[in-house]
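First subunit A sits with subunit B, and in the next complex the same chain sits with subunit C.
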Partner chain A sequence: MAGAMLEGALAAAQELRGEEAGAARGGAGLARNLGIKIGSAIVTLFFVLVFNFFLFRVLPADPARNLARGTTLTATQMAAINKTYGLGLPLPAQFWNYLVQTFHGNLGISFEYHIGVSQVIGSALWPTILLVGTSTVLSTVIGVWIGIRGGWNRGSTFDKTSTAINNTLYAMPDFWLGMVLLIVFASKWFIFPEGGMHSFGGGGTGLAGINDLLWHLTLPCIVLTLVYLAEYSLVMRSSLIDELGSDYLLTARAKGLRDAMVRRRHAVPNALLPSITLIMLNLGFVISGAITTETVFSWPGLGLLSYNALNFPDYPVLEGAFLLFSAAVIAANLIADLLLTVLDPRVRQA
Partner chain B sequence: MHRSNWRPNWRLTAAGLALCAGLAATGPALAATTSATATSRLSTASPSPTAHGAATFVVGDTGAVDGMNPYVGQTSLDFEVYGLVYDNLMDYGQLNYSPQPRLATSWSVSKNQLVWTYHIRHGVKWSDGVPLTAADVAYTFQRDIQPNSVEFSDNSAYVENITKVTQTGPYTVQMTVSKPTPNMDKLIVPILPKHIWEHVSEKQVSSFANSNPVGSGPFIVTRFNINQSVDLRANPSYWGGKPGISKLVFQNFTNPSAEAIALKNGSIDFAEGLTPALFNSLKGVPGVTLNNAPSGNWDELAFNNGAETVNNKPIGNGNPALTDINVRHAISYALNRPELVSKVLGGYGSPGSTVVPPIYPQFHYAPPASATYAYDPAKADQILTADGWKMGPGGVRVKNGKQLSLRLYWGSDSPTYNADAPFISEWLSAIGIKVTVTAMSDSTLTQDIGNGQYDMFIWGWGVEPNPDFQLSVFTCAQRSAGSPPNYTPGWSDSFFCDKQYDKLYLAQKSLDGAARDNVVRQMQQILYADEPYALLTYDNDPQAYRSDLFTGYAPQPDTRNGLMLFQEVSWWSYRCLRPVGTSPSLTDHNAGCQHEIGAPVQAEAASTGSSVSGAMIGGIAAAVVILGLAGLFLVRRRSAATADERE
Partner chain C sequence: MSAPTDTAPRPPAVTSVTARRIAWDRRRRALARFWREYRKDRDGMIGLVVLVLMIAVALAAPLLASSRGLNVTLATYPVNAGPGWHYPLGTDADGRSVLTELIWGSRISLLIGFAATLLSMVIGAVIGIVAGHFGTLNSWFGRQSDNVLMRVTDWFLVVPFLPLAIVLARTLGPSLHVIIIVIGITSWPGTARIIRAQALAVETRPYLERARALGAGHWHQMSKHVLPNVMPLLLANTILTVAGTILSETTLSFLGLGDPTRASWGEMLNNAFNNGVGTGNALWLITPGVAIIVVVMGFTLVGHAMEAVLNPRLRER
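Let's look at the complex of A and B:
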């Protein structure tokens, strides 16, 4: 299963590279290439915007009724709420409003929190970037390193052990690992906190505050790092193994280069390309948070926010969050494309 | 093949490890310092202000706070916070829910019962230093009675009869009502500062964040983080004396297991919203007291009693079989309520009967044993057969060629309803009713109910000390209004409509005391006999708290298993809680609880206290002894364990 998925990812990465080559064929300049990529990203984003709007309008349940949950409302009051939130307008007019407001950075007012959506999302953005961002960097660096070491010495004890561990971690649900760590390190021994981002009642200011934050970050970060590390490690390992028999490595060795130099200067740069695609794609998902890990550790990030918004249902927050998530993935894709253009001469020159 | 060579790749290794070290190495080091602080909360008997502060009281809850604007907040935690930040004119008493003075020191009503005069407390200041006067009180109520406003809809239960509010002196307010309204002595409406809210227009009120609320209550908000916590500090100049805790934190846990661990570790002092299994897991933890408190909540199996609009126009597609009282009774007899209590609620509840729960003994109607719908499938069979429902093919009853086939809906968000549904559907199948089950979102269910497109559903209500609203739910006027395809749902979700009941509902509004109690009981009797709902369970609220760190809880009702916090529209304990080892000041008591656990029983408390039976006291005493022994055993084991850890 995991193997098939990895192969799929690899194939996708290869295909991506193929497409790049195709797009650049005909000797088009780098500038034109860039223009096409940025342009298509913008078009994609616009489609997301359109889709986003209509998706939330076809959902069942009357938003005004939800808004009024817990209170007795007359029909007149309902009409007033509809007017306040612009819900009573015909659909095209609502859509136009939505476009204009979005371009002004106004994502509407949250049904649940009764403040601006951008403010709500903003408050959850930093915790998510901190947690998922840190763990992504850690899992990337550690994973790629393990992959290189394992792949270069295929069949070694290190390779066998790390592959076995990687497969176990890859198959491990993050909420389960999270609960196990909580039970061991917060309940059995009270070494790490039970959840949240700060000690209850405030974690102090300055250096003490940072200490407190890191203390709270440790367990959820370890969970996400361990669970995602395997993916990078396995991809890196197999792409390095693909390069092992290449002629250019033989040439490099024939030139008399040391083994480590052959690996570092020649093999790794070539083998790194699929990993870079994977890393960039995953970076796009950093923003959308890690719903299950955030829930286990009561981490107030965007994953948790969108889950709550879905339950409420808080359509403006959901719309805003989806827009942000999509934009992040599109941006990460664009950067991956551009980065590959720079890193891979085949893409550049076709 | 290739041999590994450590030296040249040190850079990569170092880069990876350095980043990892940022966490892995600092983590335990930090933990050593931080956990030392955390455990010190448990080990110091006397309140010495540590990094956290021994007088910081942390409440863990699985719910979260939506915001600080009292007109738009909806969660139970929202109201818990508003009641601490703002003062009401009066409170439901801790001992028996009788109205107690808060911002209003006294009140009186004119002879014709239409004009109420309130005397406002002198010398009260808002948290920004501005004096609080009758002008603020008048302003708040004037704002609340504007027709069709957000303010009105939020407080309509209290202010619907008020026609005029005038300030008649610096500390007196007069309110005129359209008809005699005895409940004008129970106005649980937060009084807001005029000098802040007059700048918030009616248009802005629904999106006003109120991020730094200015209130007159015992606590002041210092920080509010969405989905994290609300931090408050004691109001040093509270008119009733500074509370015994200096900081109060409401901490959100999205993982209830972590909340239970936090209570065990002493990181939090009170745990709300624990599941029965987690609650049980805290049994015997030293320093933790478990309180299985009956609450005002209950769950019901509601029937479509023939959906009609307020204009008596039939709507929806409910199975007409349910308009037959015999079918409803048969279903009720088929429900094994004690089984739901033990299997679904884990024992934390009791079988349900009438719509005003037993924690309000003044109003609760307890049907005589002979008239209760005790589990009796044979009787259910008998009723259905006598009613003409013959057993047909596939074990489904048939009458006039129609199968007895009913839809059962519930909101999928609730673990309780998810667990109730299979039991109910099995019991009904056993008496020959075909049940089709569907779990859906609350909002979809609300709309289906409003449109009358259902047969049965599982849901629940929370009943306030004044049962007026709950009783109103069953009046004819609460049926759906509007036009197809989507009707505007009223509060009625059974479409029950009975002229006699409506008459009594209006009558109880202008009655007080024993006369009202009787009418309220009579109304419950009508509902119980007609069964628009079959009540399933009265739910308890399992509350676990650290009794080794803080003391001074003021349970409501005033029994050992009364609600400690999250009381029904009341906030007694917060004003009196204090670290163990400190003594309450007299002023705390004047403003706070009327009677706390452990304090000498006051004269008024004696009457309420006597309702606790001898058997119950015996049981509690036995439990205390057992818990004490268990605690001792665990403490010994624990100290042995820590000794090991030190080595």
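Let's look at the complex of A and C:
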């Protein structure tokens, strides 16, 4: 999704590397760099909280009425709601309350389930981690492999075919691919289940349970893997091609290294760096994919939860999910930055 | 034949040579050169032809299919049926022709794609140019404005797009304008980054120093010198962004955040998903998806071809 945005993100990451290098030369140490990165992640998270606060509490003309969702209220009831939620307080006090509650893990009560939002989100967390984690690992490994093979033998049949397929996958709405697979494999051929995570009445225990889970996981996992694989292999391919003309590859060949060695030991490690940045920065888009794919396959994770909250509408859950998604992406960005510092000596000590 | 001056070519020496005229001549030549290079790119030409056809279909929608076919209360065809004489791509769950919906949907999808991209480009270009321009000023104010703008950009870059768009669209209510605004204000940060980098490079050129020495104000420098120089990059970026915004629109409409009265391709997929497409006309699901892929690929091919012309280093890819 949105190649231009990703290119922007990559440009930002590269620029960040440059800025760091400048800061490091200025006499500041590695520790200070880390401090700046962690600090800026915290500031970003803080602005997510501010945004959340304003969007859900201040933007609606009358939050109390919003909470009551259109039912007529007496003045006493209104006053009671205002008092319970602290809506009569001045804005800074409300914001402070909101911060304190959020950091205590109290994200409000779900309109739909009538239990705490953190509890609702907690129960949906594991399915999403399973789905997103599996497909990220698969798409990374396969995508990088295709990218290396295509980029190294540029213009070969393999390269042309894989690039054409990747470009098509890149232009494809993930949920559409999901629906097509669902109809073909579940509705017509009955090979895979129509959705969900377990069979009715539970999938059994032990090995049978795991089998049942994997059987349900296959289709949504294939969808997410295919969609993100395209992107990773395109990036890996173009960053490997960027390295092809480098002098150090000529040196390696002049030393008499075999082609496979030149590729494995010299070209690929350098070309991997942008891909690592991209894979971490891409978590935001993986989340988008998880929302739609989980909806199509009724996979009971955070994505389906957001979709249901969106249509109910269950504002506290929506708000909590947004906070969690943002925090996850901010953390991933931070990890990508730190990882790059470890992996790339040019960033570490430039 | 009247006066001889009409037929005889006017001597070039008579026409006044103004700065504006020179500039336009130069631009026309640059455009011709661009087109000569672009024409060599086979993928780019395929993309261009596809886009021209798609836009022609969208513009000619009233000629190709009556908009009465979109009205559920006037639908008389069988429900969720396969292809027939009056409905070559079958019908949907309300008995409307899928082909009619597809033709009219192209208008909404392209309209939202272009409008959201325009909004995103304006925000991205303004922020990128302003940050790049004031960032190079050697003053506290300049550095701080660059810092603040880039921090805002980073924020939008980091916060996940779809959850942000969902909460915005949900709280603002489903309508065409809201969708355009939501996509526009969530998709500009990449552009702002690219434009700022380009603006920083432009700012160091001697002609800007000359303009400053002659007393040009900030507005003049940014609008007359920086903007024309980042324009080609901005245009290539625009085309690529349209591909992204059309996909974003599809996703938001699929999740039920679109305008139900003006159905786009995403809205069609939403209907198909919620009204049992699996049991009937498969073309109802397949055709909008294929249309999206074709349009998005068209924009991507054209955008990449433009980039390759502007940046020869990319041509090797």
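A few points about this structure:
We take it that the second predicted complex is superposed on the first by the 289 of 350 C-alpha atoms of A that agree within 3 Å, B and C clash if a C-alpha of one lies under 4 Å from a C-alpha of the other, contacts with A are read in each partner's own complex, and residues count from 1 in each chain.
Criterion: a contact is a pair of C-beta atoms (placed from the backbone, for glycine too) under 8 Å apart; a residue touches a chain by one contact, two chains touch by 3 or more.
Since the model is a prediction, treat every value here as computed from it, not as a measurement.
Contacts of A:F190 after superposition on the shared chain: subunit B is touched, whereas subunit C is not. By the document's definition of touching, neither partner reaches A:Y232: not subunit B, not subunit C.
When the shared chain is aligned, subunit C comes close enough to touch A:F56, but subunit B does not. Contact comparison for subunit A: of subunit B and subunit C, B touches the greater number of residues. When the shared chain is aligned, subunit C comes close enough to touch A:V48, but subunit B does not. In the superposition on chain A, contact is made by A:E112 with subunit B only, not with subunit C. Looking at the shared chain after the overlay, A:F285 reaches subunit C, while subunit B stays out of its contact range.
In the superposed model, A:Y98 lies in contact with neither subunit B nor subunit C.
With both structures placed on the common chain, the touch criterion links A:P313 to subunit B and to subunit C. Note: residues 60, 179, 182-183, 187, 295-296, 311, 313 of subunit A belong to the subunit B contact set and to the subunit C contact set alike, using the contact criterion stated above.
Touching subunit A in their complex are the following residues of subunit B: 1-5, 7-9, 12-13, 15-16, 19-20, 22-24, 26-28, 30-31, 33-35, 38-39, 51-53, 56, 58, 64, 66-67, 69, 72, 74, 148-149, 153-154, 156-157, 203, 206-209, 223, 225-229, 231, 247, 249, 251-255, 257-259, 261-262, 264-265, 267-268, 413, 441, 443-444, 446-447, 481-482, 486, 488-489, 491, 645. Against subunit C, the residues of subunit A that register as touching in their complex are 1-9, 11-12, 15, 40, 43-44, 47-48, 51, 55-56, 59-60, 167-168, 170-173, 175-177, 179-180, 182-183, 187, 238, 241, 283-285, 287-288, 291-292, 295-296, 306-307, 310-311, 313, 318-319, 321-322, 325-326, 329-330, 333. For subunit A in complex with subunit B, the touching residues are 60-62, 65-66, 68-78, 80-81, 84, 109, 112-116, 120, 123-124, 134, 137-138, 141-142, 145, 148-149, 152-156, 158, 179, 182-183, 186-187, 189-202, 204, 208, 211-212, 214-215, 217-218, 221-222, 258-261, 263-264, 294-298, 300, 304-305, 308, 311, 313. Touching subunit A in their complex are the following residues of subunit C: 151, 154-155, 157-164, 166-168, 170-171, 187, 189-194, 197, 237, 240-241, 243-245, 247-248, 250-251, 254-257, 266, 269, 272-273, 277-279, 282, 285-286, 288-289, 292-293, 296-297, 300, 303, 316-317.
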